[in-house]
Amino acid sequence: MSLTGVIGGILTVGGVLFLLLGTLGLLRFPDVYTRLHAQPKADNIGLGMICLGLGVYSGSLSLTLKLLLVWLLMLVATAVGAGLIARAALRRGIRPWGL
Amino acid sequence: MTDLFPLLMILLMLNIVVGLMRVLRGPTAADRMLAAEMFATSAIAIALLLAVLTQREALVDLALVFALLSALAVVTFVNRAWSGRVRSSDGEDRP
Amino acid sequence: MNITLATALVAGLPLTAAAVAFAHPRVGRMAALGTGLLLLPVLAVLVLEALRTGPWRHNLGGWTAPLGIGWQVDALALTLLALTTLVALAAAVYRVAEGRLTRDSRYRRYFWPLWLFLWGGLNALFLSADLFNLYVILEMVSLAAVALIAAAGGPALAAAWRYFLATLLGSTLYLLGVALLYGQYGALDVSLLSGRAEEELVTLAAAVMITLGLLLKGAIFPLHFWLPPAHGRAHAAVSAVLSAVVVTAAFYLLLRLWFGPFAGMLPGLPAQLLGLLGAAAVLWGGVLALLQRHLKMVIAYSTVSQLGFALLVFPLAAADALPDQAHAGMLMLLLAHGLAKGSLFLAAGCLAWQWGSDHLRRIGPPMAGGSLPAWIAIALAAASLVGLPPSGGFVAKWWLLESALAARAWPWAAVIVLGTFITAGYLWRILRDPLRATSVDSAVVPAQGPPLPIPLAMPWAALLLALAAIASGLFATALRSAFAAGGLAG
Amino acid sequence: MGAPGLAFDGILGAALLWTAWQAIHAAGLFRAVVSFMVFGLLMALAWVRLEAPDIALAEAAIGAGITGALLLSALGRLDWEAGRATDECLRGRDRAFWVPTGLLLLAGLGGAAWLLPAPGLGEPVAAELGRSGVENPVTAVLLNFRAWDTLLEIAILLLGVVALWSLGPTPWPSSPELVSPALPMLGRVLFPAFVLVSAYLLWRGSHAPGGAFPAGAVMGAGGVLMLMAGARPWLSGDVHGPWRWALALGMVAMLGVAFAVMTGGHGFFEYPVELAGRLILLLELAAGLSIALLLFALYLGGEPPADWETRRPA
Amino acid sequence: MTLYLLLAVALLIIGLHGLFVCAQLMRKILALNVLTTAVFLLLVVLAQAAEVLDPVPHAMVLTGIVVTVSTTAVALGLMVRLLERRGGPVSGRDRDSRNS
């Protein structure tokens, strides 16, 4: 097995683990704000690692660029989406946990 | 490696199934929407894994489309479904 | 004219006109009337060709059957195309004249594109020989019909909603059946399937699904619940086309399929079941029509009842005594019913305009203030619907009855006779109250002032359709031989 | 993929069933709608597993994108939070009769579908692909072998727009409800991406999964996103405006080509073989643009004002 | 393959059941969408069951998806008008957001 294959595999597995951790946060954290804290961030790192890992694994530059584009788009979407949800929740008068 | 990817796909699919619990429980609409967002990420990851596994570039395009459109649902949600606007009584969109 | 071009124009012209009428609303009226006037000679060319050479087929894009979509032109298709053109043209004339009485600009802007989409969809439907293509067309016709019903506003919205759900479910069931047929035989073409279909489980399941879907779309008892409110509440011109042609279109597909791919399974239970549904529709629809208080509702329930007669063709043709007679009777019935029904709805629309309501007790006497042409139209159309000689309705029922008697199918013969009496009953009821009222201020009609004047083109459109219904009976023998020459494809 | 593939399909199938059930029976309309959106997302994965990437692309853009936006916007007009709307689903009554009937029929159907030999048309399509002008068999079927279907389909999109616009003015507010600096930023960042991806999908359509439909759907969804990110809509309901022609473009172009080829002695929609590739490309361009506009117009849910400026802000 | 066939039949039943049993208009629309998706699924399963992968059902389903989005949009528009006519939606602003 080649070195790139191993590195790619490790990155991909790590990325999937991050996604699982994000879901854990989504399920276990007490309110919407804390969940927003946990899940999108973990997901972004996870997806980034998966994209990078798959790019390394495949060894194709064009594919890697496309994967990076996917990740960037998702980064923007998730970040803005999380912010919007938080803002909307605040406006609806949902109190953060512990306050 | 080709043995590893299907397992990862199964894990991600299970991730979605577990996340469905949040859609079920809520309690607020924001929680449900957040969970739905998470599904897009997992679906993209699955599509990418499959793309590399089966050597199909079309699946990368699919992931691209998912990524582009994932913002649409959230933006619609905060602007339309959960906007808390007083509707209809002010007749704002009657000509 | 080039026959291929003529065939293409039948479907392509209304659709082109629809796009133009949407993009440039001012020409909507002209587009609709122009389409109708252009289609008349085009159809004449097709009819002449059919008389000369018999039925033919056109492969779209030059791709033959399993791969491409085919159009088939035969007597059945041409009869219904002619019916569509006549009714749609008359209703368009009515609507143009009516437009002078209304001020609703949105309705004006979108009425004609919707109308032309409906028209194009119907024309495409009668040409198509491809089951999936027919699914797309059915969706198109439903969508246009729903929007046209909803355009009446108010309670029509609820009626449009129910119609929409029923018709979407119908399409889905139909598509399910088509998927099964495709899985079994790998073909979507009707004539190809006719050659390949066998009597076995999958074909039966597909037939059940398709038939259920089409019964729902054709408002055939007991799936007729959506029709009366939808047809009763829509604008008169819309009701005319819906009742005369759109419902008939679903029935047309039943014919195509049961005398095509499913023909092997027809004799026996399926034919008897369809006949029973028809009989129930004749009686139940007729009785409910008797109970209605509004003119348009009477006519709408009459559609449920009259389509029941057409369903009798299945047991009668399967009985094999005089199948051609049954076929001809059914074709004649579709034609005569469509013309008469269109006329009735248009005339009812005139009366509703003039008296402000279509409640049977509010409509004034025939002689009062210019409502005479509408009343004549109603009387003539009613005569054809009941089946008084020499109208088309009479010929249709006579041929069906002959075929029933020849097959010694007494129950079906009894249904035809009984149904005729019920039809006479409810149509007499329409005429009774106004005829009793000799003047506007008689006891029957509450004081409401004289009838409003309406443009003469409105009742005349109705009158022309009624005359066509009668005339179709006068030319029965010619039509009969034309049906025979045009033949049935597949 | 063997056993892991089967396990994946099993979980996916279970999730699909669960979300479909939730979409219909979950307490609370919002939960139902979110479940349905997840259903659409998972369906896209199912299409991938069934080796239908074209459908997966369309489902991702239309099913999970535009339909979700439509449902959420419609939800905003209902009182889904008012409690009255919840738990109204199960109310059997006389309809209970239909359920066993339907189940019985479908059970028979399931048994029947088991026996299907599925001969399919793969071979004839492959045999004629060389004469179709494109390399992607699905595009060949859509724009050549069964082009009449596709014309009618675009006509139905236009018809849907006409039908919706005839119902009344657009029921959604024109400006975003939520004021946030992130929204215009999102619009600015994503808009070039939308254009790029649509163009890319359109270009790929002739030889690989993609083509006018996914491309148009992505672009249409992009328009909806722009609208909600606060961009001023340019599609007006002006009776004399050019937008109406733009909306009708796809249908007019297809009808035009279908009739135009007849002048060369061909049949309706019968492309000359040497021109087929270019004609299909032309139609894809027109259809893609038109589909994008039509989907956006469908989203508006009603006739847009003749001039968005004069419309009172929400 | 068998699995997806079973799934299609199950979705058919869920959709049909929902269509008849639900009173809410929105749910009827969702149920109809589930029902059509089930039919599409059946078609694609058939396409894959064929010896050579059959592109015709794929094209049919693509057409069907576009048709469905058009009908769904019109159904939603009709529903919004119908419900507003029936009494108009009440504001959700002052309600407890947790009951969603």
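Which chain is which? They are A, B, C, D and E, in the order written, and residues in each are numbered from 1.
Criterion: contacts are C-beta pairs under 8 Å (C-beta built on N, C-alpha and C of every residue); 3 or more make two chains touch, one makes a residue touch a chain.
Bear in mind the structure is a predicted one, so any value in this text is a computation, not a measurement.
Relative to the C-alpha centre of chain B, the farthest chain centre belongs to C. Among the remaining chains, the Cα-based centre furthest from that of chain A is the centre of C. Ranked by C-beta contact pairs, the top interface belongs to chains D-E.
Distance between chain centres (mean CA atoms), chain C to chain E: 30 Å.
Taking each chain's centre as the average of its CA atoms, chain D and chain E sit 13 Å apart.
Inter-chain spacing, taken between the CA centroids of chain B and chain E, is 18 Å. Shared contact sites, meaning residues of chain A that touch two or more other chains, fall at 69, 73, 76-77, 80, 84, 87-88, 91-92, 94.
Residues of chain D in contact with two or more other chains: 30-31, 33, 75, 77, 80, 109, 113, 116, 118-121, 125, 145-146, 149, 153, 156, 159-160, 163, 167-168, 171, 178, 183, 186, 190, 193.
Multi-chain contact residues of chain B, defined as those touching 2 or more other chains: 26, 28-29, 33, 35, 40, 57, 64, 68, 71, 75, 77-78, 82-85, 87.
Contact residues on chain D toward chain B in their complex (touch as defined above): 1, 4-5, 7-8, 11-12, 14-15, 18-19, 22, 26, 30-31, 33-35, 37-38, 41-42, 44-45, 48, 53, 56-57, 60-61, 64-65, 68-69, 72-73, 75-77, 80, 169-173, 176-178, 183, 186, 190, 193-194, 197, 200-201, 204, 208-210, 214, 218, 221-222, 224-225, 228-229, 305, 312, 314.
Residues 69, 73, 76-77, 79-80, 83-84, 87-88, 91 of chain A are the ones touching chain D in the complex.
Across the complex, chain D meets chain C through its residues 105, 108-109, 111-113, 115-121, 124-125, 128, 144-149, 151-153, 155-156, 158-160, 162-163, 165-168, 239, 244-245, 247-248, 251-252, 255, 258-259, 262, 266-271, 303. Taken together, the chain C residues at the contact with chain D in this complex read 2, 4-5, 7-8, 12, 15-16, 18-20, 22-26, 58-63, 66-69, 106-107, 109-111, 113-114, 117, 120, 124, 132-133, 136-137, 139-140, 143-144, 146-147, 150-151, 176, 180, 183-186, 201-202, 204-206, 208-209, 212. Listing the residues of chain B that touch chain A in their complex gives 1, 4-5, 8, 11-12, 15, 18-19, 21-22, 28, 30-31, 33-35, 37-38, 40-42, 44-45, 48-49, 51-52, 57, 60, 63-64, 67-68, 70-71, 74-75, 77-78, 82-84.
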